[in-house]
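Two complexes are shown next, each including subunit A; its partner changes from subunit B in the first to subunit C in the second.
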Partner chain A sequence: MADRDEIAEAYADWRIRCNENDRLRRMLRGWDRVVHLVATDTGDRFTVEVRDQMLAELAGGTDAVADLVVTATSEDFADLFWGDLNPSEKYMSGEITLAGAQEDVMRLDAMSMVAFLDR
Partner chain B sequence: MTADRPAAPAPAAAAPGVPPTGGAALLRRALGLRTVVSTSAGLAFAALEYLAAAGLVAYVAGDSAWIAVGTAGLLALLAWGCFSELNGMFPTAAAIRLYMKRSMDDRLALTITLTYLTTIVLVVAADAFIVGTAIAHVLGQSTWVAALMIAALLAFAVATNLRGVKVAGGVQDIATSCVLAVTAVVALLALFRSHRALRFPLSPLHGHHPGDLLEAVALGVFLFSAFEWVTTSAEEVRRPRDIHRGMLIALALLVTVCSLITVAMSHVLTHHQLASAYPQLSLGRAALGQAGLWLMAAVTAVTAVNTFNGGFITASRFIYATAREGSLPAPLARLNDRAVPWVPVVALGVISLLVALVVALTGSWEVLVAVGAALEALIYAVAAYCVLRLRARLPDQPRPFRLPIPRVLGGAGIVVFGILAVTASVSVANKFDLVPLVVIALGASVSAAYVLFALPRVQAAAEAKKAARGRRRPPRPPAPTPAGPAGEPTAGVA
Partner chain C sequence: MQDRECEALIVGAGYAGLSAARELVRAGIDVLVAEARDRVGGRVWTTTSPTGAVIDHGGQWIGPGQDLLQKLADECGAETFPTFTTGEGVEWRDENRTTYAGLIPTSDPAAAADGIEAIFELDLASTEIPLDAPWDAPDARARDEQTLGSWLAATVSSPGARAIITAAVKSIFGTEPGELSLLFTLFYLRSGGGLMNLARTTNGAQERRFAGGAQQPALYLADELADRVLLSSPVTAITYGADTVTAIVTPPESGGDPVRIRARRCIVAMPPALSVRLDWSPPLPGRRDQLSMRAPMGSVTKIHAVYDRPFWRDEGLNGQVVSDEGAIRVSFDDSPPDAAHGILLGFIAGDECRALDAATPAQRAQAALADFVRYFGPRAASPLEVLERHWPAEPYTRGGPVAVFSPGLLTGFGPALRDPVGPVHWAGTETATEWCGYIDGALSSGLRAAAEVIAALAR
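Coming up: the complex of A and B.
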């Protein structure tokens, strides 16, 4: 089980990778979205905002209205942000669930893939 | 916690173990019942519908095709029950992978899924062929112009998909409503303007073999094919129940409109017109003269909006996700700068073009209809099997929708759709013909060969790459030793 600090640390690393990736920033053109993250095992909730092709800092809670809701275990969130987990594998096995438009799901998956293409 | 870690965000007011409540109900953009209905009906009502309806007419006496359509509608209700239960259990775009994986050996599940994807290619190819041919006919042009039209249509569909253009829900609602309403009105006008009583409206077997009716029902099931694709939108709907309600309303609309066009076609069209690649244009002319012909040409073109939009998106995203999962070669997961999986989109376009051109040059669209009907019946039988297996394997999984008397209805689904699949695969235009069966067998063989021989290598390569990469996540620091009352460590104290 990953605690809030571990997820925050992983997210901070992922955020830098995403924001410094030119290709990813091109992919995010015009895609301003609010994404909620819900950890099933700890009950922790976070909000990620993408605005002007940049990822904002991780915010606690899920107060704003979301475009996309991602539900997974806290471990999966931490692994995902470190690039150690392929979210599609977990999605196709039903361990990660989503609520939102298919094109938004595609963009989010693209972020998780393109941010680690150099690995 | 280490000091150089970023500060964790303020905790949210949620307790561990609280189930997620942030579902589609709280989304900024979510699909309502109307869009679910239009998506389901629009995906099913492709341009191929007109040719399948005209083909069905040949199997029954006079104007009794509505009986075959109605029977097929009742059978489609069985499929609806199965898909509703499975979708409720797995409300995700990846549902087909999830419920098949849990019901059978994964290699078999993947083989069936890949074979089923063929249906999407067939429908896209058929729509390109029908729309291209209809436009060429209206303009008085030859087959070669139709072939150019087909290529242009598919190139347009590929280009718009690569640019990430998606038809908005509202536009789709309007397009589907127009197609269904205009088709129904044209069918009714054609019937009224014929000034003739219906022939054998209640005697489908008059001068026909009972096997012909079975074949007609199989084609009837094909009229509803793809209504279940809307289940891939399960993550986008405002209320989960909208999916099964929407599919039911869509089926009712499809039964009504398809019954009308089959009866109108059998009543007013000649055998030559029924066997043409554009029977709907002849129906339009019978109803409203030259204006009706143009109207139906426009309606045919609009059907392609749903097919090209829904078909390309559904298939390409599914291929992408399967490739990301590691079950298809990695190049199929390549994205362009608009986050569109361009390899599957281009591949679908090229394969659809080849199939459509072969059909245009050989005039073998009836084979396409038969293959589609057989594959659709097959997947319905598989869905019924999955319902039964999962009742035994996952009895405690929540089921927002439950198929009533599952042993009877599930068993009936396997048998009936199995028989319909076999029947449709060995007949073309009311004649015994093994070509559809050969086409399906080829598709299944290619899928099985890939799953059995190529997939293990694809998976091994992915595993090796993953192992070589190592983990980035820093190892978790050892848990602090609990301190005793005097600040002394308690662990290890004798």
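Coming up: the complex of A and C.
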């Protein structure tokens, strides 16, 4: 189990790597979205905003209407952001779920795989 | 010659024809369905092997968003179960075997990232394609002049990334990327929710299978239609006027009398390339006929190797392969839900299928087993049995899994895909807007064609 601080720390690291990655920046073009993260074990909620091809800082679960909702265990969120977890594997096993419009799911799916591979 | 009459004749009892027939019957229309084969289901065909394994020789999967097929499966009680995905896949590249977790082989992370970005760019571009009129897409002409192969050569510099995409495309379309119009490719991807979606098992087009085989819902529809379905009844000629159609059924050599069926409307529920093998009188309009000349069937062989158990699972493998060498370059674990057998399913697609066209089934099986040994070790050499279906040699299919549209088809001839010719209407998965090429698309195409006929008969 990972607490809020651990997830926030891992995300901060992931965010810097994503925002410095030219390929990811290209893949985020024209895609401003609000993404909610829900940890299935702790019930913790977070909000990530994507704006102008950049990931914003992690916020506590906000009331902003989500375009996408990602669910995973708190541990998997932390491992994902540290780059220790292959998101494609967890998505394939059903342990990570994505809910949203098909194009948004496609974007998040692809960018998270690239973030893992380019780590 | 025997004479029969009906209001609407349907040619072909695949999922498109059966779906159209059911809709027409529900509207109170008198229907006959003429099917050339001795079975229904078209490109979906389930048999039970000598060792008792349920084998789908054709279309076999159901995934999220395929709502018409899911509804039909629910209605007839056809159970589905998840495709086996636990463990790692095998990647074979440059004569080197590695294993990988997730969707995309990762032995070369830079190539994998290039591959994902390329898939992403295709999927993003596909969202611009209007499904009901891809010829109106932005840059339609320029895109229809290119092939997916030329796009890959110009856009994707990494050979590893091209190899990953090529392996996926070959098994999805049964062709090489250089044979596919880029515009058609983008249309097809949009129609099925994107290349990533079409390549996926979980959360994608290969998510689930039918415990009793994918033909089960077709058999259910045929049961409901009862004696309206005429099996072993190949239509060989169609004569049409303004409001009448006469079809000649020439029975196969096994016997039976020729039948002349008169109808007010006709739905031809078969791939374009097969529809023009009928003897049309008067000849079909040039645009429809020439469209059919530009939509060849893909080249695919399905091979099932049946073992006493799924031994690859013991080594943490999920049976999936992405390879750049050999006859089989994509495979799946096709074992039954209770794993009473272990079954490896391999696709021989595109150039490899053509290279083995003149081979005997035993020779193709030998090539497949050599590949399985390379991917899964020596135990793969000794299956209980090998079953194959070489679709290019199927008389009433002539290839698969789908018709592929050549450059220039959509922009030059596109509307002729669905535009009726007098009293003749067109169905088949190739005419679908959603899930084109899939069972779900076949079902929706039947509903669309039936709606056209219902409207025409009401006039």
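By definition in this document, the second predicted complex is superposed on the first by the 115 of 119 C-alpha atoms of A that agree within 3 Å, B and C clash if a C-alpha of one lies under 4 Å from a C-alpha of the other, contacts with A are read in each partner's own complex, and residues count from 1 in each chain.
Throughout what follows, contacts are C-beta pairs under 8 Å (C-beta built on N, C-alpha and C of every residue); 3 or more make two chains touch, one makes a residue touch a chain.
The shown structure was predicted, so the numbers you read here are calculated from the model rather than taken from an experiment.
J.: With everything superposed onto subunit A, say whether subunit B and subunit C fit together or clash.
T.: Aligned through their shared chain, the two binders clash on subunit A.
J.: State whether A:27 touches subunit B only (first), subunit C only (second), both chains, or neither.
T.: both
J.: If we overlay the two complexes on their shared chain A, which of subunit B and subunit C does A:88 touch? Say first, second, both or neither.
T.: After superposing on A, A:88 lies in contact with both subunit B and subunit C.
J.: Could you tell me if A:40 is touching subunit B, subunit C, both of them or neither one (first, second, both, neither)?
T.: Only subunit B; A:40 stays clear of subunit C.
J.: Is the number of subunit A residues in contact higher for subunit B or for subunit C?
T.: It is B that touches the greater number of subunit A residues.
J.: Between subunit B (first) and subunit C (second), which does A:48 come into contact with in this model arrangement: first, second, both, or neither?
T.: After superposition on chain A, A:48 lies in contact with neither partner.
J.: One more residue to check, A:118. First (subunit B), second (subunit C), both or neither?
T.: A:118 contacts subunit C only, not subunit B.
J.: Touch check for A:18: first (subunit B), second (subunit C), both, or neither?
T.: After superposition on chain A, A:18 lies in contact with neither partner.
J.: Based on the superposed arrangement, let me know which partner A:4 touches: subunit B (first), subunit C (second), both, or neither?
T.: The first partner, subunit B, only.
J.: Between subunit B (first) and subunit C (second), which does A:106 come into contact with in this model arrangement: first, second, both, or neither?
T.: both
J.: So which bit of subunit B gets in the way of subunit C here: 2-10, 236-244, 308-316 or 398-406?
T.: 308-316
J.: Touching subunit B in one complex and subunit C in the other: list those residues of subunit A.
T.: 23, 26-27, 86, 88-89, 91-94, 98, 102-103, 106-107, 109-110, 113-114
J.: Provide the residue numbers of subunit B that touch subunit A in the complex, in ascending order.
T.: Answer in residue numbers: 1, 5-20, 22-24, 26-29, 90, 92-94, 97-98, 101, 164, 166, 232-233, 235-236, 313, 317, 320-322, 324-327, 333, 335, 337-341, 469, 471-473, 476.
J.: What part of subunit C is in contact with subunit A in the complex they form?
T.: The contact residues of subunit C facing subunit A are 65, 85-86, 101-104, 106, 109-110, 112-113, 116-117, 119-120, 123-124, 127, 193-194, 196-197, 200-203.
J.: Please output the residues of subunit A touching subunit B within their complex, sorted ascending.
T.: 3-13, 23, 26-27, 34, 36, 38, 40-46, 57-62, 65-69, 71, 78-79, 82-84, 86, 88-89, 91-94, 97-103, 105-107, 109-110, 113-114, 119
J.: Show me the residue ranges of subunit A that touch subunit C in the complex, using the header's touch definition.
T.: On the subunit A side, the touching residues are 23, 26-27, 86-89, 91-94, 98, 102-103, 106-107, 109-111, 113-114, 117-118.
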